[in-house]
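Here it is, the structure, as structure tokens.
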């Protein structure tokens, strides 16, 4: 059964320096508040996993939480670069960042395999591309029936997965709606999981096939209204595209970035 | 785009003697009406695939449509044996029936792999059991990362998959609700697919994550109210458990069975 | 002693229900396991989580379903998932504490046959087959088996291993790389058996009230042994019996007297 | 001739939109592909099916999304699926006719780089990376590329092959066991290129109205060749321009002037 608690406690009881952590949410329901709490608690040496790192990982990388990033597409969607990510990679600021790079198909399959208790995922992909030569996690198996060669990659098994969702009931059963990305898979693949929700309700008002992660498959649930902002929560609030666009300016400059974090994360 | 037509045409344009056919529906939404139409059209030499053959395959086997059955659990759920299946297997009546037997986990994974365009499925299973020695479709691969041995089975790729669903819109987009079994996977794994629906509506009244199979992934949609009876359609009618219980008596005796089919299928 | 006012099947179901603990995550099959699990849920284990293979997650039926996917299961579930998800995420993913199995035959090392009596290619009796059982038997934390006891069902060696129990005993599960416990309790209409530590041979650990050792020996196809510290399974209380009968009556009514 | 009243970007987007056929199943990326695909849907191809990587199936946005998973996409979709399903069932399953790709560099055999300028381990410019592109490039029936043309973007050899086009030309795709067509049209702000039969080298097949051969040659990092039967891409009509500008204006308004 999930423990229903506040965000501060959920993070401090789960996240340990040096762990492998996934904050998932594919453009939607990105757990910004939880990422900010990790920054506030000064966690270090994390291996961060995310299909699309987005602004939240730009902030965590810029604040020195990460030693490694495992990802598929590191950009500010529709806007441009993640400048803190690039500064870490290109200039080692504030510290060097190791990367492990995959395609999205690879990561989606690897999360799914992790959730399924499998040590590897197989799929058809990476044909003819350079990533295949650089990433030694990309291997092959041969289908014993068709003799086809298929890509094999290790499943993803984070120490902690954190996601944001619309609501939970009093028991901690969590309902997710809209674009769900790999959130469910990321939670089920993890050793420990935290879900922040917009609200804890009496009745989830779910339909027969609603996407619900049961309380007994979770570790912590914390009510954090607006916890996905500036990303969005379907049914609650929209995406602040203006913020995403402004982030480009804020993040280009180290000092501007630090003072933004100071005001908007550390002093909150 | 799916062609919206009647059941008779959907079957006669799709199902050819000798093909491999899956009628799916896991206890719920079993496409009985479609199975009956196959019987009426006198299709022969079919290889029938189904996780749980249930009464519909008992009827098709008893009427001699099948030369082979690929399955996981062949019983009348909660009642007992499928007598027509047993008569075919034990006595070759009305004709001998070849079988290929799997566990449910194997079949679910094989349908999923078929839908995913993969030649095989891998999973952890079949440990220590006799089925593993009898079914030569069960092979192994070794995970190149963990050195674990995993079961490999060929994906299921039916020539035709038939399912029943609650509703379709005018374009042929199909909505399924309640217990959905492997229906979506079975449709996507097939070369040709037919969906019978309770009704064709103006608006599916779907939610953000409703289970919808788009029209362009289907071949035929036919409106067949009560098409899952005596199985059930969530939101439309309940399961006729009495019929399931009575089937035991009807199906035990060859003559009783034939006269039941004559009245209830052939003359309909 | 009061006179016996329960059937052996009732004793079996109630004995099985008592073994279930609140909060457990259970993978439940149709028939006896379903009756025991729901009896537990409606009495001492209200927070037990019941999962059926049809994809109904955390379901709370008010009546016993006839099939594994009756509307009652679907409608009272927390949610309904696809069958591939059920097997991949929940079962293979290792979230289930306890699986319930039944069968036609069980042997001294708790291997189960639900496939065929006689030879596979020329069956004397063809049974339904494996269904979910082979993977339930290896992926759940532990397994309870509910099965009526007789010389025909409790055999020295099953005709066909549908679900692996303890194989040939000792560390056979470990040798196959299976890290779950397998069958830990066999609950019959006469007694409760458990695998003996080390040998993993089934021995009787609790005899149902009113049943004799002779009855058990004569209903077992091998020379069954009894634990040193043997218990007596308490007869069902009136409350237990009342709850079970009420559940069964309303299930029968709903299933066969409804107008559908 | 009338005077030019459109920008090169508008010409590119409209030229790309014209290539789309009604009823096609398209996998669409953000930016230029999304603008072209939605322009087509809102004009001559109302039944085109648009799929975005975020899991939004058959989506009908009224404004152009900024990200691949904006609310507008999610709310106007037939349904929203998980990302693993998107990649496994729809893309790898072979349901997509046409994929759209962009990139920072493209070479004479239509290989695309969106990963890095310079050396991978010591990048001059680190770009976002692969995302869905490598598998979109091989699983979709065919690929259209939309990219602004310059000597920096059209290079003899890309610094990094993020998505495989025609490799080193000829039957390179076949040799790798890829049975889809790969890039069939490259739509730029100057012209349309297509792989030449047999060699699979990109050649110019249509020059946008008002553009000269010299301009194209000077904006290409290799000695670009022109097809024998070369077309002129018609300038955008007022209707086309009006539709595109209306779409872009209401998108800008919704994205940046809304109060959220």
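Order as written gives the chain letters A, B, C and D; numbering starts at 1 within each chain.
Throughout what follows, contacts are C-beta pairs under 8 Å (C-beta built on N, C-alpha and C of every residue); 3 or more make two chains touch, one makes a residue touch a chain.
Fair warning: this is a prediction, and the values are worked out from it, not measured in the lab.
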Which contact partners do subunit B and subunit C have in common?
-> A
Take the average of all CA coordinates in subunit A, do the same for subunit C, and state the distance between these two points in whole angstrom.
-> 41
Subunit C and subunit D have mean C-alpha positions lying a whole-number Å distance apart equal to 58
Could you say which residues in subunit D touch two or more other chains, in rising order?
-> 74-75, 80-81, 88, 92, 139
Residues within subunit B bordering two or more other chains | 116-118, 123-124, 148, 178, 180, 184-185, 208-211, 234
Specify the contact topology among the chains shown, as one of line, ring, star, complete or other.
-> other
Which of the chains touch, listed as pairs?
-> A-B, A-C, A-D, B-C, B-D
Where on subunit C is subunit A touching in the complex?
-> 23, 25, 49, 57-58, 74-75, 77-81, 88-89, 92-95, 139
Residues of subunit C touching subunit B in the complex | 30-31, 53-56, 65-71, 73-75, 80, 82-84, 86-88, 91-92, 111, 115, 120, 123, 126-135, 138-139, 160-164, 167, 172-173, 176-178, 255-256, 258, 260
Touching residues on subunit A, where the partner in the complex is subunit C | 1, 115-118, 173, 185, 188, 206, 208-212, 214, 216-217
Contacting residues of subunit B [partner subunit A, same complex] | 116-120, 122-124, 137, 139-146, 148, 150, 152, 154, 177-178, 180, 207-211, 234
Subunit B residues touching subunit C in their complex are 26-28, 51-52, 71-75, 77-79, 81-82, 85-86, 89-90, 101-105, 108-109, 111-112, 123-131, 134, 148-149, 178-182, 184-185, 232, 234, 237-242, 244-245
